[in-house]
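You will see two complexes here that share subunit A, one where it goes with subunit B and one where it goes with subunit C.
Entry: the complex of A and B
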């Protein structure tokens, strides 16, 4: 089976922040927007919008690197790769909030908040988990489902790049895609 | 439309068959577009986005991570209240501008500048004129019409301090409105003031904005909508009970089919006059048709159904599907709730959409503009166009999926009182005796987020089972009618008390009282009952519900019901959940301010339980059996 991943095309992003709000909803206890915003420990988005020149938005999320600098820096082995294949997922019950992962991450996609997965801890690392539960249930990641412009798609990366190559080939010969 | 089962879209056989045909014909429908839009914008869903100025647009992060204030400094509560206020203002504007068009017609009749319209219920004209304080003795109908039109025009401004029908409000309720400061002053004034207040830097207190939303909604319910109802009765006749038919089966394969869609009776009544013209019938026969068949959609359909017994083809979610039958020559529209997509769907068949109002044009439609001076002639043009389109109908693409169902209609307050022997006393006695435990207005729309007609019809079933008399208007009329609930035989589905009363009077347990502006009939009836009992409306064993609502107008109706003291259950939440202050006010705080509040419940059984619990409390407080 081909392994799909979230592919980001920042040039298509309009900065609507729907990916953020639906990400937080997908990681809430209730999974419903109206209830999620009333939970005691509010869920947090794991995708972030950077602001570039002329307000150009840049959706930024974990790449699930291999090897992953965050995982190598994590002393309590809280960033696990045995929960879902190919995904680096924070286990909040192990995280001590030391911040080493965030320091090691070259993409600035880790944040620190109280998390409903370990409510007794004041602050743990919160990052993209690839929506592994949604994907296992046959859905696509919440950020992709929310994106109306195609800035975020869920695809097999080489298949996506192959399609891009074909588009380029057409463009070279003056055919409109 | 994907692989979803047809029964997930609608409980109606005609809808299911036409959704299947739309798929085969490659026609995009409202359900396809909903799927494209989902998930909707989460900020907008919660009411947390503000587009009122260009320091923004701004969004408040409901998860507390991002911005908690707009650029101007407005917090979640203010942003939500602003948006809700404008929503209610738009709904009131729609109903009330419709009402104003009827006054303009009344004025033209009074001035004698129209030969096309007249007074069909002169007794009601005189009665209403007297009620609002005009001297009518010795004056002819035209003179009274002129004065009444002038009087009602003034209700739209703010000259007199309040609106003409304020005296229909029970004394206790009026005193409450005065105390809270929400007595409506003028229809346009209160709507415009909401636009003012929600401009940046004006009203920045969420509760204050919401109270003004309540006031302007009352200007609609007891003002614009009530005027629309009463003037429509004066011009076109006060409804009396009659029977008709409903669903897509009212279309006729061998006739020219014309549908009227929209809200006002001004255009649709003229179309009705034209379809009976012998010259046009002859033209239709010459074109190979057996006749000209007129049917209604949405509220203008309700107007014709109530007064003339014209059949109803469907409600909101049936409007595209009616075209998919391939049997509709022309849909003639005025305004409100007409999906822009109809032009595209019509383009997939031989059908034409005819727009008639200068304020409601649709790119790609045929515009035949109606006014009070040319309406009859323009109606003839519409029917002639329909006959021309009949000639190019492709019989191979026609599918009329079901047989029509019978409905009983025409229950204006006048008709109800006449049936009771001239006064509300027998109704009050039945309520006191517990045979009728209370009354519920079940009104509103369809919404593709909800399985069509499921919540509407099942809430009705649950209420009548509990001996609650149900009054329906608007799109719920068709939901009820298609399920056979608008016929006297439905009394068998009612509880023993209600069933007994219905059988004695030969009426259904669900009374059709009109279009959505005719919710004002329900307000008036509640006012009469409360006054007769010497109590406030909020003391009555009554409730309201809008199970499948979608529109700004429905938000306004819900709010004027609550502000009038009627507990109201919504099937879908309005976009206010992003504010705790506004949400708490809506679902509980208003109880302490106006004696009623909202509830949100999408399950018809649970909604009926909420209504039942409310009515128990009210009955007990009145010293009646629960």
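Entry: the complex of A and C
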């Protein structure tokens, strides 16, 4: 079976930004929203809301490319592979904040902030880590858990594509999906 | 099948990883004279600035190579008989190969100047250069840095942090003249001039370096002035290490000539990294682009082709990102004013205090340069590779570069694990 991944359907997004809030919460020290906003180093979202044509919202997150341009550009080898989950994860203790990864990323998903994982560094690369700890514990990524409209789902790609085929069939035969 | 990889830095290490992925059972031999662990060369500037301890530069130790199943020979390649498929090592050993990757990089471009102490110039390329510079650092002393490129700039900032007074001597009218456009070059020049401890001399070159009386070295400048310093360091670019390949039978020009599959003129020999004179996307000719991401990418493409998987190389693209005075400077493709004559420029509406300029040639995006701009250069680099036209860039992207949806994003469903290459 293929690995599950976060699938984004921007056309379903209403721009509520719940995914951003829950993402930051999931990456905070306390994992609690009420406490997270009082932490010394604020956790930041790793999913961002882009603005498309006619101000349409566009949830934008790391695609965990393979081969990953960010990983190829990283000079201190701070981006490691999580082979089991098919993820590219930044190690903040090795990151030197040089910006090469953000320069190489074709999707504009890497930002630079102080991170609780390496508090001594002024800024390190911060990007989606696929909520690998949550997923390993049996949960789904925080952004997906927050999404109420189905714009973000956590699924196996071929299953998703099969659903797409069914939607297309329904559209062709005039059935409302 | 026996693969031999000469040089285990950016390109060689990447090639070994991809060779192993593509040929799980093949024998891979890496040849590199430097002791393990293999370290990341660009990090020497961070060690000089005191932002990193020297062991932090190490990226691939014994364990890494063992897990990858690569036998590492601590030896230097000194000759190649491409026709016979034999590599000659300094120890006298001859190594036969089925496929060979040359990834032995480049060396600092020498400084051509007169004087009895011309040999005292330190370069800034590897660990040994770093040790040499550190041994000559005198807090409160004076240093001269030759060359206003990225290495010269990093040397200046690093020596400043070590407590030295630095004079940066640049032949061009402004620093970073090859890397960025006139605006950013001017901005960096002004910041340098206003930095306590730094003296910037533009349109100036050194005519001779002699043993001094007050200080160890005395520099004579073409302006007629003289400069007494404790240390002279230079960052004047690099020259590919092609000297040892003179009798190899490979076609060499500036570097080793490589085709669109990174194969040299011998079908069993491939080339990657700073040594490779390979197709360049925006220039259209074959040239070397001695930057880290290009080396790693070429290592991957060369490895796939060595393993018999046909992987065409789209071409290299010059790109750089460095922090300058708390700002982040980025450049990709054609931005050097001497190469962008006849091009159209578009200043993108950026948040206050930042700058982003796109360069178009015949309606196609060929370069971009930015200062503190939102980090969207990756998108632009891929746009350059795809030959994005000006009219394909949505007005909303240009008007709201901080928040616009990415250029590279296809419409509809977006799935994780995008694939490149």
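In this text, the second predicted complex is superposed on the first by the 171 of 177 C-alpha atoms of A that agree within 3 Å, B and C clash if a C-alpha of one lies under 4 Å from a C-alpha of the other, contacts with A are read in each partner's own complex, and residues count from 1 in each chain.
In the analysis below, contacts are C-beta pairs under 8 Å (C-beta built on N, C-alpha and C of every residue); 3 or more make two chains touch, one makes a residue touch a chain.
Here the structure is a predicted model, which means the values were calculated and not measured.
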| item | value |
| --- | --- |
| Fit-or-clash call for subunit B and subunit C when the two complexes are aligned on subunit A | fit |
| Which superposed partner A:108 touches (first subunit B, second subunit C, both, neither) | second |
| Subunit A-centred angle between subunit C and subunit B, computed on Cα centres after superposition, in steps of 10 ° | 150 |
| Which superposed partner A:18 touches (first subunit B, second subunit C, both, neither) | first |
| Which of subunit B and subunit C A:96 touches, first, second, both or neither | second |
| Touched subunit A residues, subunit B compared with subunit C | C |
| First, second, both or neither for A:75, with subunit B first and subunit C second | second |
| Overlay on shared chain A, then closest C-alpha pair between subunit B and subunit C (Å) | 11 |
| Subunit B-touching residues of subunit A, taken from the complex the two chains share | 16-18, 20-22, 24-25, 33-34, 36-38, 42-45, 113, 145-146 |
| For the subunit C and subunit A complex, residues of the former touching the latter | 14, 40, 42-43, 46, 51-52, 56-57, 59-60, 292-293, 296-297, 300, 319-323, 328, 330, 332, 374-379, 381-382, 394, 396, 400, 403-406, 408-409, 411-421 |
| Complex contacts: residues of subunit A adjacent to subunit C | 3, 5-11, 49-53, 58, 60, 63-70, 72-73, 75-77, 86, 94, 96-100, 102-108, 110-112, 130, 157, 160, 164 |
| For the subunit B and subunit A complex, residues of the former touching the latter | 39, 41-43, 45-46, 59, 61-66, 573, 577-578, 580 |
